[in-house]
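In what follows, a single structure is set out as structure tokens and then discussed.
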């Protein structure tokens, strides 16, 4: 009675409901997953701690579902219906990080894109203090359907990436830094005020949302390429 | 010497540089436009006051360019090269407002989309206080390439719109409201924390950016439909 | 000497003093409860940790008072005078949550309403990302005396609930979320700026206050129905 | 096309839509009012400047509707259908102000209550610096259905009023004060943190909302007294 | 070399330096105390944790100084020169708290006043939710030289105390509360905006400063009474 | 009916009510003053604009009261009963400013002290950028009963003044500065965090409060010197 | 008496006192300048409005000092002693702006450097949205003694400049932008969190300070080059 | 693949890349160091916890590099190439702290300067509450190339130091203090608003940046003295 699932989500929105793991006991998450799996949904939960992951792993072991897997860097947990067919891959998204300390957030984005069946390429640690690093890798990201740009501290990277490309750049501010970074506010404000017209922003540390939006764009582009008018 | 134009922008990013009108004298803007027009660029400037618009109108009258036009609701100024061919229309973007007080910001988005050559449809004043208003108009926005959702006060609208569609919803928070709206912070935070996975956010009152991102997505989708793989 | 009880509260305000448990040692709370029980008051303390609850349970076990009970979800502790008569139930309040992560705060509201003798109905996990969930349950909440609406993140729910009913909607913002939710500020501001005219707000995570106000309204309505003019 | 009226509001919520006047041209407001009057709705608009009021007055003079009236203290504009029957009065709400500088906000509340047909009593300038002033007037507010308490600066008044009564106290923080009042934030936070359990809060300077909620409670109590169970 | 003591402080300011214990290792504090004791100074350190207190107690036990004492409620540590004469008592300060959760901060004030040799009287738990509690104790505080008023949450108390007396009221905001109390900001702003002209403010949780200022005033009044002009 | 005077204030608090002029029409202030004068009160109003001062001057000219006077630097208005005896002077307060831009706030303090009958000495423009300026004037402020220290920008002055004296230093932060001074927040926080134990703080730009508190202390010290125990 | 000049400043700090013009009447500034000129000081005042400049120009015309000059872009006013020798130029500072809207602040820096006798070079409008613009001008700034980098919005520029050079980069955040730029806070936080180790920051819009610090460094480098060890 | 080193940094910026240790696993840091050492770079990492230091020490012990060393006060880790020649010392920087609680941040600055080969002198605990302490030590800091001034609480020290010297003063605000220090915001704002023209600011607790900038200035001055023009 405490849960009201939205099983119609994939029809309306293209992808099924993803579970926000914070503040939910492992048992609640297991129940939700069981119900989603029964409806043939591939499941993804974000913000899952190691402790909850252990309980979930045990739960799906007891249910003999071998697809359950935890990504401890991204803090995501996934499990598929027993007989789910392999996911066909589509589109092209690049995930770029400013520094190696941004990797956890970036991996939540990458994992989300993987769950959506999107092709992902990652470019790490090309922040602006070494200004030659980003242009050197232009060929790797210039033809993307969408770019997820993950950065903390002053988060200058999305503005610069935006200046090189003709696709949306989804900025994911991170809480990486200290002092007047105020837990990611500095990066968030920086991205919101980007002078590059193609930069949009999601919540601080919201790797999931950054990945989801990029994946939605890539997915629609893939479909448009398949089904020309 | 005070201006360093980026004439290569359209090649790299798909659309040419747009001029941010605030803090620039009309004479500076006129000079920039003259140089852009000489390079055959269709020009758009945002955040242009009535006073600056009068000076710009006079400038282009003296240059016998009849395409100069000011939109006083959107505070935008546009002018095209004398012999620019008519713009071919493409894609489909819907701009939705929560209340009639949000119209100025929404019209900056609409004008930007028009400048990009995108087909735009608008739905006004369907905020949540009258919860039946939005679902009643579902058929008008459900097949959009992207949606720009403009809302002030508590800005609940993008989350709800997001729950109905399979395309990106670009939230544009406005400063409409008073007191603890803090000039749009309430709406901004509301959108950043949206529980709908397909909602992304731009700066407060940034109708231009909201329109630009939606237009970029629609434009790429149009191209993909034309050039299937 | 450190405590100055307000034993006249029930006469002036309709309900006796409730104890705020944070920052008070268990021994102090036990002393306060003993004095309230001696004055024939049904006792409620909020924000009681598991540790303090254990000490309080032991205290009332030693006093042979079997009514002592702890609600670990709501973090409330209650104990009645030995010979308190059963509470007569009155009024009708609905507690609605946006997500399952809001349950702890909602249960503090529900427990407070139970202590006041109010009939409570709960509707959980009907937030806006699945926009069909709330209207589907309209019959369950449309005739309420008052509604307590508990939501975190962007807290769009109270505005929408407000648009369906003719009773006060008391918004309780929660700290559920992360990043730019700023510990509940986003939800608080969202509710304060609600465009629904019948939405009022209490402190972040203040399930107690939300429940208390709804209970006071329901109680007065019950009395008015009993004693017509 | 820019306006989507919610003509069903009175049936769902008990009272018709009220127009938020800020950011709407007088002509738009006149159009909305004409359509509401045609639907036999008594009209109220808030936050109307002297300039807009002049235009609205002229509009309704030309339509020979003598009921149009502007309250320049409250910044409200009202107009009734030509043949609207006199409003029957019901319930009892008290509006209390801390200082004479809070009068404009309080009068918006009083005007809203008057529009709802509620009996209103006002008590002014009884803030805490003169602590004997409030208790001296206890008989005037102690039996209220609801109290609207309007205060700026440190806004201590609602907590004290709350301690004397058994009805909801709706705090309306004002921006009265200077410096670290931060445009009403000090008063808002003070009310949100009230140690009185029956204090709830609306937006800064939101006299309309404070009045509306109190009026809704008084109206329901009146109806309950008329139609006993 | 890391410490530069201000041994002249008592001559200039009337009282010697007090040690701020946070962020200083116990060994550093012990060294400072040894040097102050050698200069015949009565020592006080504030914000001393239990762990540091244990180390300091051991240090002074080894030095056979029996005057070392820790107050775990106030988190203060004191030690006197071996042969310090008894302190003569002077003046009259009242410390008033709004709630029992404010006691730790109030006791830091009381301990500071004790160290200064001031007569202190305390009145606890007379916050405004029970509005009769404070006036009932008027005789206990009306003739004070200065009042320290310690309150969290909405901190209405100092304004009301201020309205009853002709002496300075030093408000000490505490971090007691939750949610929108923002760690004491609500209480701080409330006190800064007090409409009572005789209320001044110190830092959040700064019991030391509140006590020190009240003690300085009482001490000067005592001296003035002894040495008439 | 809109005003509830506190004519008992002088008996309780030592000095009569002072009128806060902001947000009150001149006519209201004139009425209040007439009633206070009838009760033989010397009147002071703060935050009076030039426009209101003109109206008040005309009012008292028509009443043939020659004592009405406006201080346009301090924005204060004063008027005495016709036959008020000359004020006897007492105590010693020093008002110190950091820069010449702080003079308006400082003069509100000085005018308040003058109204209280206190001897005031002022020292201007001795901020820390010229560190020799303050110590050079030590003899002028070292024996004060209390010091009012008025400073904007980083407001370092009160901490330094505090280190030289044995009396309370009442810091009045001003909004002087720009950018990250945030309208006086920088100065306010600086003073609240002063490492000098004898510094206390009032609201931003609250010259009135700073003067009032210093005057109250000086007045009590004067009385103590006159009436030894 | 309201002014306490620091005539010793040039000896201690290398350059004489500069006058902060805000909040000082023109007459006060004229008096200060007269006294500084009498002491043979070259005078500079910042933040001078057109109105004050007119009064100052008239003043120095009447004193027959032809050196008085106002820079209306920078809002600075300068005047030299009648017989001041020509300033010898030294060092090399580059002032770089992100956009043309930052020019006013940049010109305050440039004017300050000119007053200090420093050689200044300016590079305008090379913000990151056109990422090729800055590297194209590397030869112009790579050998600077210090760089002043003036930027609003997301202020990414200083971090990138910092990555190219071996000299201090002094970031001057501007209030250019709108919405979530919060009057320059976004730019300020961005610069404070710069991942480039050689970026330091001054106040929002503090062109004066940025220029002064760069000038001080260039001046010391010049002297070191002249007087080798 | 997760790391993109900037091995060209020393050529461009004068000093090689320093590793920000927070959020990077020890193994990642060890890998980075190995690669830097292979390129003959002297390595420095900041914000290294005791746990990571233990792992790094073990790593370099296994690699038989005896130069690895951890500074637990500064939280820095350093290691040099096996055969690195001794560092030649140059320049003169003074690091000044306000209180002993600021030592950890100051030592990060000192360690950074040591790594850069700069001569450093430290002066501790000379904050303004004891105003004679700083001037007494003037000879120790008056001829510095640059000064790093580390202070928490109200951070008045840099303004005063700035008034005594002709070199840049780099303020490093610390989070030392409590309550309204807001984790260092008070100190940061204080320094940003310094009325001393030669004070610039880095991030809260950014001892590294403060040291780096001072070292860069001292290094350039040293080179200028060696290579006169």
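Order of writing sets the labels: A, B, C, D, E, F, G and H. Residues in every chain begin at 1.
The rule we apply is simple: contacts are C-beta pairs under 8 Å (C-beta built on N, C-alpha and C of every residue); 3 or more make two chains touch, one makes a residue touch a chain.
Please read these numbers as outputs of a predicted model, since none were measured by experiment.
*Asks:* What is the chain whose Cα centroid lies farthest from the Cα centroid of subunit C?
*Replies:* Relative to subunit C, the chain with the farthest C-alpha centre is G.
*Asks:* Farthest from subunit D in C-alpha centre terms, which chain would that be?
*Replies:* H
*Asks:* In whole angstrom, how far does the Cα centroid of subunit A sit from the Cα centroid of subunit E?
*Replies:* 52
*Asks:* Just curious, how far off is subunit E from subunit C if you go by their C-alpha centres, in Å?
*Replies:* That gives a centre separation of 37 Å.
*Asks:* For subunit C versus subunit G, what separation do you get between their C-alpha means, in angstrom?
*Replies:* 58
*Asks:* So which bits of subunit H are touching at least two other chains?
*Replies:* Answer for subunit H, listing residues that touch two or more other chains: 20, 99, 129-130, 162-164, 179-181, 185, 188, 192-193, 195, 197, 203.
*Asks:* Pull out all the chain pairs that touch, please.
*Replies:* Those chain pairs satisfying the definition are A-B, A-C, A-G, A-H, B-C, B-D, B-G, C-D, C-E, D-E, D-F, E-F, E-H, F-G, F-H, G-H.
*Asks:* Where on subunit G is subunit H touching in the complex?
*Replies:* Its residues touching subunit H are 12-15, 18, 20, 145, 162-168, 170, 188, 192-193, 195, 197-203, 208-209, 212-213, 216-217, 220-221, 224-229.
*Asks:* Please name which positions on subunit G make contact with subunit A in the complex.
*Replies:* Residues of subunit G touching subunit A: 98-99, 127-131, 135, 153-156, 159-160, 162-164, 177, 179-182, 185-187, 189-197.
*Asks:* Going by the contact rule at the top, pick out the subunit A residues touching subunit C in the complex.
*Replies:* 1-4, 6, 8-9, 17, 20, 22-24, 28, 47, 173, 175, 183-185, 188, 203-206
*Asks:* So in the complex, the part of subunit F that touches subunit G is made up of which residues?
*Replies:* Those residues of subunit F that touch subunit G are 99-101, 103-104, 124-126, 129-130, 132-133, 176, 178-181.
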